[in-house]
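Encoded as structure tokens, the structure appears first; notes follow it.
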Amino acid sequence: MNGTIGRKRWAIAEGYIPGWSHGREPELQSHETCCILNAGERKAHISITLYFEDREPTGPYRLQVDARRTRHVRFNELTDPEPVPRDTPYASVIESDVEIVVQHTRLDSRQAENALMTTIAFAAD
Amino acid sequence: MNGTIGRKRWAIAEGYIPGWSHGREPELQSHETCCILNAGERKAHISITLYFEDREPTGPYRLQVDARRTRHVRFNELTDPEPVPRDTPYASVIESDVEIVVQHTRLDSRQAENALMTTIAFAAD
Amino acid sequence: MNGTIGRKRWAIAEGYIPGWSHGREPELQSHETCCILNAGERKAHISITLYFEDREPTGPYRLQVDARRTRHVRFNELTDPEPVPRDTPYASVIESDVEIVVQHTRLDSRQAENALMTTIAFAAD
Amino acid sequence: MNGTIGRKRWAIAEGYIPGWSHGREPELQSHETCCILNAGERKAHISITLYFEDREPTGPYRLQVDARRTRHVRFNELTDPEPVPRDTPYASVIESDVEIVVQHTRLDSRQAENALMTTIAFAAD
């Protein structure tokens, strides 16, 4: 369990929070998640920068993940420096001072039945 | 935010634009997307080449992504040098003069409820 | 077929077992799977450690995959040292004494129609 | 378009052909696909080996992908040396004499609405 694993810079090129939902909330609310694993022995200080199609990037959104912890961050819930707009394409870069692993997931419940997608993010060298 | 990240050559082996859709358009129209992030300080000049099962490749489809911007390109909307055929398997190679990150996503709304899939594309060394 | 391929340490940052299901069981029960391929000539001894948002990691969950075999492990079925909690975000690190390949898949059947997602896990260097 | 890209050995740890389908065939038949891109100038000679949970591997399944072509291979349609069993977990290793890119996709239409998943396969060094 002496577990440092991952990289310090990650990118997710696809980002989009659907504008509406069906189903029991919060479990089945449409959302976009950035799952972060910090398997190491030191707290991770993380900055997320969001990129858009037609304006300057926003951020950094700052958060921490304690040693030996995971955190599933819903982009829906990021508010500082500003909320993430709905129905708007974006992308993100995740930077940490220690190695982490980042995975991107979306649950889309705009129609009666939800759809899911996931991918390990792109890990910079 | 001095953010160059990624590679200059990417490939997506799976490509297929479903031939029909259900639901509100354009959000829920069946589509196949190539999400591109240019987190760096220089504009990206990008060429996409499409490969097919039974004929020569087509392209390059040329597009640009400004510095510090993302662009979610629907293959449905590529028209020059020719539209992407529906219901036809294809694959794509994405080449850029600066580092970018590429992610592939499909929304399939042929049936009443949509389905989603995504993956970070293959990054050449 | 002399097939060693893969790495010895893998991570999955997204983990979540939905709390309920619809449809024929066990095929369509909501589940989260860690698919392991051991294409080599030696048995793999594997340890899985689970990470949570608000408590210390649990594990190792120990299992073996014989030479030239695959094993699709449902997290739902891990019980020793303790069952994996439902409706709880987690992450996992998979360690093996020989090279393996790890892929993460979830089938979510909380609503009438199932949703699927998959990704190759993150491979440590 | 002088396009060699990829690797010569790939692995997919998750494999499963659902045992039944709903919807228009063949488009919406449940299937599992191995999408192969050969962007280079030489024909690819490819061998696929399938691994199971409880018996020896089967294969090689041999196929070719011409230069500058893609091929979307449905595992459902592999028959030589034997058909791929339904409702049975398997994994696969794909080997080529030239660089290719491999992506794994499943369409599951066991319920009324289809579900999709995809990932770039694991590329050996």
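Of note:
Lettered A, B, C and D in written order, each chain numbered from 1.
One rule holds in what follows: a contact is a pair of C-beta atoms (placed from the backbone, for glycine too) under 8 Å apart; a residue touches a chain by one contact, two chains touch by 3 or more.
Since the structure is predicted, the reported quantities are computational estimates derived from the model, not experimental observations.
The rotation relating subunit C to subunit D, fitted on Cα atoms, comes to 90°, given as a multiple of 5.
Among the remaining chains, the Cα-based centre furthest from that of subunit B is the centre of C. A separation of 21 Å divides the Cα centre of subunit B from that of subunit D.
Centre-to-centre separation between subunit B and subunit C, using Cα means, comes to 30 Å.
Listed for subunit D are residues 112-113, 115-120, each touching two or more other chains. Touching subunit A in their complex are the following residues of subunit B: 1, 3, 5-6, 23, 27-28, 33, 35-39, 68-72, 101-103, 105, 107, 112-120, 123.
Subunit B contributes residues 9, 11-16, 18-19, 49, 51-54, 56-57, 59-60, 87, 89-91, 93, 104, 106, 108, 110-113, 115-122, 124 to its touches with subunit D in the complex.
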